[in-house]
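Okay, got some structures for you below.
The same chain A turns up in both complexes below, where it pairs with chain B and then with chain C.
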Partner chain A sequence: MSWQGKILRINLTSGELTPEPLNMEWAHDYIGERGLATKYLWENMDPKADAMSPENALIFATGPLTGTNASTSGRYAVVTKGPLTGAIACSNSGGKFGAELKYAGFDLLLIEGRSEKPVYLLIEGDEISLVSADKIWGKTVWETDAWIKKQHHNPMLKIATIGVAGERGVRYAAVVNDLHRAAGRSGVGTVMGSKNLKAIAIRGTGGVRVKDPKRFMEVTDEMKNLLAKSTGGLTKYGTNAMMDTMQEFGGLPTNNFQQVQFDGADKIDAKAMLKTDETGHTNLLTNKACFGCTIACGRIAHIREDHFTIQNRKEYWHASGGLEYETAFAFGPVVGVDDIDACTFAGYLMNEHGVDPISFGVTLAAAMELYEMGVITTDDTDGVELNFGNAEALTIMAEKTGKQEGFGEILGMGSRRMCEKYGHPELSMTVKGQEFAGYDSRALQGMGLGYATGNRGACHLKHDTFDVDMDDQTGEGKAEPCKTSQDWTAAVDSSGLCMFTMGAWGAPEFAAQLDADSEGEWTAERLTQSGERIWNLERMFNLAAGLTRADDTLPERLLKDPAPSGTAKGRVNELDRMLPEYYDLRGWNEAGEPTEDTLGRLGLI
Partner chain B sequence: MQIKVRVTGHLIDFCSVDAVELPGGASVDDAIGLLGIPLDQVGLVSVDGLAVSKAKRAGTVLADGSEMVVMAPLTGG
Partner chain C sequence: MHRMLHIEPSLCTGCLQCEMACSFEHEGEFNPARSRIRVFEFEHGRTSVPYTCTQCVEAWCMKACPTAAISVDTQLGAKLVSPEACVGCKACVTACPFGTIEFNPTSGKVDKCDFCGGDPKCASACPTDAITYVDAGASGVGRMLASAQQAAQGGAS
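Now for the complex of A and B:
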């Protein structure tokens, strides 16, 4: 099996570092990564604890397939109680860090307490230590990565770190690994900062063993071939290939969800990234793969050196992470900006300072609406005119938020807290306090149900109703695919593999790889039921934390203001119709609580 | 008859024209087939701004001058 059979408990208050055996019973019941970390969180903290307190736990977890020869096996998850929502926070990432953690001999890191002074965790071969981070506290993600490698004379270290945003309490700070990949959502970097933990640096020189090497090689080869036929243009165009689809469909949130189509979409979409301008400049340089990935959807881009964002800043005259769909949405339509270089630069800043681009963009969009309503003025915004479409305002505010300067401190509160502060909570495009991704739920009804019931708040990655939503724009029949795909996505997120394989691989394909990898009989049915168990345990955490049915809702704008254009013109989201059916399918009562029968069936009592 | 065509996402790899000649009575599925776009890679089609579901594509007849948009499936991300 590819489990190392060992976790590391890190008590930052006492400084104790304690290797412990991996609880294999939990690994069997919760698969790994997201699910296993949820179980460890549930057993190791009180869900009522303040997310920013030492009583919160922070878990980095690999899956059983992380670091193996399976395609996309670079995934790891960060799970904690979220400071943006007060709900469970689960954010996963690719890059190389996850596999390195496995190669260092650990399946999971369980971080507790709070260090008196800033530290970073160093795992280098058999040496494990907490090292003073005095010299890198206040440094960016990129500076921290370079400093730690230089300090330890080891360019092979793989580093996950926070930027200043995480240190200073931006509610949606990210953990960035390998410079450009991030556990971006739900403020997992904020929790890391609250613990005075700047970074985790790992060099692992071990490997992984699988249960049946010959069968594993055969099945993973077969799966790679299947994947190669089914990537839907991800390799060539990246996820931003969805921009023009959402534009034509009429589900592209624009100007803080006031519109659903954006006139400038064709200036920032995947084709625009490939277009060579009159100076010979092309935004996209190449694509990039995470560890073990045969898709390579990552984008590497560069910005015109004469663009206003970097013309006097040579430190940015280099290639870096380029636009993906969600970053293009968050710096483009939702704030009305159609300047591809400004959008790309905002993306650089998010990685450099460790900020979730989705939450930043949607929070800025709400601020822009407040500004255009006259609720806030240039007196509030450090003199910046915060109109929709102002590309300069986008990049100035991205930097201010990352560095926590001026109005950036307000933006760092997140949309819900900021809109409440200014007396207009209805402008916050959030669920449970977390900002929406780039899909308008008046056009995508099942997406709306998935947003409303998302355990970490509004999230587009914890269910998959795209096919049914595109084919039918009513709420009819959406509860079942939403529930089923939530369970299935929980299983995929727990495997150590990437959800971008889901178009090619279903439950039998995942089960075949897992069964060749790990002990126990892994079947499609078992995987699916494990996913349902994980979803319900996340729900139990949220209920114990104090969330209720009232939190399973959408902003009034999406429930009452019809889509003004597009193929869903005139529609609102039909949540009232879908939610009772969803609870019933889940085996939850009217309060949204799992019944005893449900908990018993899933082995949760 | 002639209809206007737009495609989204990676479907541009299958279809780079912006108009197509079709026989009278041609359906949406006929047009997609003539354009060389694999049916299993189509997410949604709209005709003159109105969505045409998968079940209705074969029975939806195009008119001269119609504007058809063939959208790639969504994948998240």
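Now for the complex of A and C:
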């Protein structure tokens, strides 16, 4: 079976490193990755603990399929209590780091306490140690990656690290692995920084074996063929193909959600990335796969060398991770910028300094609105004119936030804290303190319900109501697909595979791969029920942390200000209508708490 | 017919399916560290280059081996390591200019590409045809063809 059967407990306070057997009962009930890490978090910390305190736990978890040849098998999750929301934080990433952890012999890392001095965790074969990070504290993600490989004479190390943003408490700092893949959201990198843990560097030389090798090879082969039939667009255009869809539909949040369509969308969309300009420059260089992935939606891009952002900075004259839909949204429409090179550069800076681009962009958007209202002035913003559409302001502020300089310290608080500071909480486009992704809740009603009930705050990745939302723009019948897809996505996020396979593979396809992979009888029913169990355990964590029904809401702008244009013109989000129906379907009471019957049915009491 | 693994880095996405197929075939497990083909990345993933034994005709590894553990598959042209004869001295590792014969600390022997007996799993696992298994005598034909086509188009315009 594909589990190594071992986890590593890392106590940063005492410096103890203790291998422990993987709790297989939990793996059976919570699948792996997101679900398994949630269970470990639940059992190993008090949800009331401060997210930035040593009492918070930080978990890196692989899934049962991580490190196998199933397509997209590179995923790992980082789960902790989030510093942005005070709720559970759960962020996953691709690249090669997750599989390397499995090959090093560990299914999961459970990190507790706080180191007195900055350290990094090194796992090189059988040798595991905490090493002084004195020389890399203050370094960027890219510098850290290079330094550790050189220091240990091992170019094969796979490294997950934080940048300065994580060290200095930016509330939405990311953990970046393999230079430009990230567990980007919810401030998991902030928690890592609060523990004085700079990086985790791993070289694994062991293998992963599956339960039924012959059947596994047959089924993964068949699944790859099935996947290839429907993912050609993702391979060619990447996720940024969504830009045109949202623009046309009128669900593209623009200028801090004041508008839902953006005139400059065609300058930063997937086609613009492919276009060769008058100087012969093409933004997109190639597409790129994460570990095991046969889709390869990742973008590798470069910036025009004569662009104002880098013309005097040769260190950026190289390729790196390019725009995806969410980064294009966060550096584009929501801040009104249509300069593809500036957007690409902002993306470089986010990866280099370890910052969640979505939270950064949406926080900057709120700051721009405050600036245009006159609430803040150039006296606050280090002299930078923070108007919507100012591409230079975007890149300056991205760097200031990453390095925690000047107004970047304010932006690093996140939109909710910043807007409260300036007396305008209504301008914060967040749920539970986490910023929205690039889908407007007035045009996509089910998306709004998913945002409002998201366990980690506003998030577009934890449910999938896209098709029903595009078909019908009312709140009618959205609760059921929202609930069902939340549960299903929780299962997918726990498997070790990527959610971008969901269009091709449903529960039977996932179950077939999992059943040949690891012990226990995996059926579609069991997988979906496990997903529901995971969702409810996350909810229990949040309730225990002190969140209530009142946190399942949306900003007034989306509930009261009608969409000004597009196919949803005149509509607001119908959350009042959807939420009671959703609680009812979930088997929760009016306070949004799972009833005893529900908990019993899911084996949670 | 001598065969070779023809590698086209521009098509490689760096997914490592080749490494998993290779290690599964030879070790019965997914273990890129034991794969006989490796993919290396440059410039933040701008290029990904699969790299493996080129099966030299005058093979340094074979010449360096003091126990004659390396032989030629005369049909395919592959150089094969006999695990019975290999004593793990690593002379071949030192001799190989490409680093594509590697010592395996678990077995105490060396590992190298053997074309999987004529059905290389890396090539069949590659989703983009970055690795193909071709007639070694015609390995340049694809690029010649592409270049000729370019020349023809240039001439026509």
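Quick note on the criterion: the second predicted complex is superposed on the first by the 604 of 605 C-alpha atoms of A that agree within 3 Å, B and C clash if a C-alpha of one lies under 4 Å from a C-alpha of the other, contacts with A are read in each partner's own complex, and residues count from 1 in each chain.
Rule of thumb we're sticking to: a residue touches a chain if its C-beta (ideal position, glycine included) is under 8 Å from a C-beta of that chain, and two chains touch if they have at least 3 such contacts.
Quantities reported herein were computed from a predicted structural model and do not represent experimental measurements.
When the two complexes are overlaid on their common chain A, residue A:D467 makes contact with chain B while staying clear of chain C. In the superposition on chain A, A:Y103 makes contact with chain C only, not with chain B. Once the two complexes are laid over each other on the shared chain, residue contacts for A:T286 go to chain C alone; chain B is not touched.
Contacts of A:V208 after superposition: chain C is touched, whereas chain B is not reached. Of the two partner chains, chain C is the only one that A:N69 touches; chain B does not reach it. Of the two partner chains placed by the overlay, only chain B lies in contact with A:M499; chain C stays clear of it. Residue contacts after overlaying the shared chain place A:Y316 against neither chain B nor chain C. Residues of chain A touching chain B in their complex: 232-234, 236-237, 239, 241-242, 244-249, 270-271, 297, 324-326, 439, 460-461, 464, 466-467, 469-473, 499-500, 503, 567-569.
Partner chain C is touched in their complex by these residues of chain A: 67-69, 96, 99, 103, 156, 179-180, 204-210, 213, 217, 224, 228, 285-294, 296, 298, 300, 302, 318-321. Listed in rising order, the residues of chain B touching chain A in the complex are 6, 8-10, 12-13, 41, 43-44, 46, 49-51, 53-55, 69, 71-77. Against chain A, the residues of chain C that register as touching in their complex are 10, 13-17, 20-21, 23-24, 27-34, 43-48, 125, 127-128.
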